[in-house]
Amino acid sequence: MASPCAVIGIGQTHHTARRDDVSIAGLVREAALRALEDAALDWRDIDAVVLGKAPDMFEGVMMPELYLADALGAVGKPLLRVHTAGSVGGSTAIVAASLIQAGIHERVLTVAFEKQSESNAMWALTVSTPLQATVVAGAGGYFSPLIRGYMRRSGAPEDTGIRVALKDRSNALKNPYAHLREPDISFERVASSPMLWDPIRFHETCPSSDGACAMVLSSERALSRGAHAPAWVHSTAMRSEPTQFAGQEKINPLAGRECAKELYRKAGIRDPRKEIDVAEIYVPFSWFEPMWMENLGFAPEGDGWKMTYEGATALDGDMPVNCSGGVLSSNPIGASGMLRFAEAAMQVRGQAGEHQIDGARVALGHAYGGGSQFFSMWIVGSARP
Amino acid sequence: MREVAIVSFSQSRHVRRDTRNEVEILMPVVHEVVERSGVARPFDFTCSGSTDFLQGQPFAFVMALDAAGAWPPIAESHVEMDGAWALYEAWVKLQTGEADTALVYAFGKSSPGDLPEVLSRQLDPYVLAPLWPDAVSLAALQARAWLEQKGRSERELAEVVVRSRRAARANPHALLSGDLEVEKLLAEPYLAAPLRRHDAPPICDGAAAVVLAAGDVARRVCKRPAWIRGIDHRVEAHALGARDLTASPSTRIAGERAGVGRGAVDVAELHAPFSHQEWILREALGLGAGVDVNPSGGALCANPMMAAGLIRIGEAARRISDGTARRAVAHATSGPCLQQNLVCVLEGA
Amino acid sequence: MKAPITEVDGVLSAPHVLEYPYRRSVGPVLSRFFSALRERKILGVRTRGGRVLVPPSEADPETGTAVTDDFPEVGPGGVVTTWSWVSRPREKQPLAHPFAWALIRLDGADTALLHAVDAGDIDSMRTGMRVRPRWRAETAGEIGDITCFEPERAGGAR
Amino acid sequence: MSDSDDAKPVKSIKTPMRLAYQYTAGQATSRYLRGIGQGRILGQRCPSCKKVYVPPRGSCPRCAVATTEEVQLSDKGTVTTFAIVRVPSENISVPLPFASVHILLDGADIPFFSVVQGCPLDQVRIGMRVRAEWVPREELAPTATSIRWFVPIDEPDVPFEKLEAAL
């Protein structure tokens, strides 16, 4: 029943620790204008805007879509604001796509951002609650025990995480927008970096970035004449589960497995590793690459690390993951999920530049958030579904 | 457009301060709305609306998921907006054909903070928020512009309050209700001139939930579904000084798109937190004197932030389902001085 | 660090403070505005359609397009287009005694600026009255450089 | 206040925010904290799946039903997993480095987040048995900080296989 939806414009900012040259409005406009330019469209061509970002406390602006209405060219138009924790960039794109798929709009601008430098992520993520004891130190403190659990359960070699970090940071050198571009990155450099939340090392951790990402989505009849062919949305899926409950599989959450299953079913994919050419996965700490490889069905449970180890997830591997450098190299939290979705679309549009996988036709974008409980994913392809 | 209806609605009893946590407030509301709907879990889609700043704690919506019934995992989303927009997102999902049923909920606990001050954090962070203008004072700017430019009187504001409080006597969920007199209200001191305390909404805690179902599912579970015949929302410029505060062009456009004018309106539930805003909204929607506006008492009698807009839709749907209205209009607002507005047209057949 | 614990209806309660000294980069357009405020001047920005926005913004609210590079000086005086009265100011608001919030269209501007007006009492406030900025003794390049506006003449009538 | 010198264009502004709230803990948390104030750890059992939650939040998220049956739990438990935190965090007052641990209290079905002290960090391990170290009796109060941390006890480790389900 749903109408086809295409990505016809993609834009992102240069991500960095502190974009002190722009306001919040300027940051989102930078990405939005690049997306409009890519689509060869103007503000007036847009029917509706869907904005996503993570907690408002990062910038201290409550429901910032209200303040950003003017900057997003949304005045007189529908404007939606999505917030699903870390997965928000992905879910925002999915909400935007559903507006096209439902036949409600012809062209939708979707934007996600975070300007983390206005405050401090460790503060905003662990605002203390009266009468409670704060013992979990930010995202790293939360996810590190899960990683230890994975290491113990899978028996993965201890340097798996180092290899992921080395790969992603090397890939980032091919991405002009990446935050961390470290030409001298090496196995030794990652391995010798200090433990922050043991077993997570400094160089196995995502940075804290300012940045934004935007996409123009279009119906089939409203396709514009941009320089690049459209990326078609083959399927989308979202799944959530509660934060903590008895019997929960925190390391390999069912919400993620079921989300992937639904995603593949809707896209007609039977063997994801064979049929998907390239994937952009939300990996904020290196070890999440092997964990998500299993969760996404690319590897049997306990074997995800082998893909990293054997080089399958490298640029020249059979299942390249995070060719852009991923979240490990740029992390404007609210935009990080949309960047995964956008980078997947860039691959099938052939516009990924130096980190392009030749002939990529089907790509996966993935985001997760909260306590590994919110998942959003899409499959995009060069062929009309 | 795919046929989608509201098949059940539930809300908490809104109180000035609810000492329960968000799950404790929400869970009975969700249980009730699900039970009333006759729709068996799992829902094809779930969407909620809330904002972290009310309580000053990030990720309130994450904890709230405990009340929704998210196991086995559910297809779920959240807007940092009033629940009316969560309903919109769910309606869109049903329009794609990927879902036939949806659970929508919203909650707000405003009591822990100084709400008018907290809402100043919604303003432009460079030139407005640093001055800390409170939400009541901003609404009062709009009220004066409306009174002076439209040649209206404060008596007309009081009349809205009297009618709303009287209507709320029949609403067990309302926080304020009763028989007031215009003259006595006009003798009261100003809260933020030209607005008096009764012209402003009571601050309260509460939650609401709605179940949506498409076509035959709705017909199967509900004797008289409230069909969504049109729904649209629009936003205006943020800077108050760049807007005509005496009108609501975004409501007008949304109302036109939703098809308000395509038939006679029996009932309108308008999310007008401040008394003067009801007049602005009536005009924007072209509602005549014969329309029964806010039979629930409206936001002047209970305004749980983030849920109050969804409650307008639920109240309108309730009147379709109980047969008191054939065609109803519901409206929700967000942001300072009616910056963003949603309009929904509901019909019984 | 110990918070005083109280009980409300049988439920434990304690104070909670959400506090952060946000530092905001302002971008090129507001940079012009704030830098001028430091010099006790008020700048607007011209849209491509020719309107002058005060305070300036990066986009024309009507179209979303970028504004021009023309930053005309406006005011310093202007007209109150609407106002409300604050009889009990909150702690962080510009004035500690009763004042008005007002939308003020500065001379030469097409949009109105929100600020406080120190008129003394409510009877001295009137829509249409002319006001002028009262500058803070030491300006720093922020909206608070204008302490408030005040009537151009006693009584405030035009 | 701006950071810029007078001559330079203003690039940034400081906009401090301070919002004061009066937090209420909710019913389940209040009951739990009152128990803590008496030196007892009270969980709640789900009427449907019978699992025991601690700290209780008044519901079983798995079954989406309210929990009311109170269960007194042991203050002993087993470390299911942990991290050694070496990076400072604004809201944490425990001196660095420290072991942030998940503890499955005896009788509970979800891990409890706390800190282990009282042994070298390199001895903290999955399966290790620990017990709560309370503040002195006279300092007990209805706040989570009445449990200072957990300390190792002289009991044999629990094998990993038995803990895997609680990870």
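Going by the order they are written in, the chains are A, B, C and D; count residues from 1 in each one.
The rule is simple: a residue touches a chain if its C-beta (ideal position, glycine included) is under 8 Å from a C-beta of that chain, and two chains touch if they have at least 3 such contacts.
These figures come from a predicted structure and were not determined experimentally.
Using the contact threshold fixed earlier, the set of chains in contact with both subunit A and subunit B is C, D.
Interface comparison, B-D versus A-D: the pair with the greater number of contacting C-beta pairs is A-D. When chain centres are set by their Cα atoms, the one at the greatest distance from subunit C is D.
Centre-to-centre separation of subunit B and subunit D, using mean CA positions: 37 Å. Averaging C-alpha coordinates per chain places the centre of subunit B 29 Å away from that of subunit C.
Chain centres here are Cα means. That of subunit C falls 44 Å from that of subunit D. Multi-chain contact residues of subunit B, defined as those touching 2 or more other chains: 17, 19-20, 53, 56-57, 63, 65-66, 70-71, 112, 114, 117-118, 121, 125-126, 129-130, 237-239, 242.
The set of subunit C residues touching two or more other chains comprises 3, 5, 8, 10-18, 20, 22-26, 30, 57, 61-62, 92, 142. Each of the following residues of subunit A touches two or more other chains: 20-21, 23-24, 57, 59-60, 69-70, 74-75, 120, 123-124, 127, 129-131, 242-243, 245.
For subunit D in complex with subunit C, the touching residues are 1-4, 6, 9-27, 29-30, 33-34, 93, 141-143. The touching residues of subunit D, when paired with subunit A in their complex, are 11-12, 15, 17, 23, 25, 29, 33, 46, 49, 51-53, 60-62, 80-87, 89-92, 94, 97, 100-102, 109-110, 113-115, 126, 142-145, 147, 160, 164-165, 167. Listing the residues of subunit D that touch subunit B in their complex gives 13, 15, 17, 19-29, 57-59, 61-66.
Note for the complex: subunit B touches subunit D at residues 17, 19-21, 23-24, 27, 30, 53, 55-56, 63, 65-71, 111-114, 117-118, 121, 125-126, 129-130.
In the complex of the two chains, the subunit B residues touching subunit C come out as 17, 19-20, 56-57, 112, 114, 117, 125-128, 130-134, 137-138, 140-145, 148, 190, 192-195, 237-242, 245.
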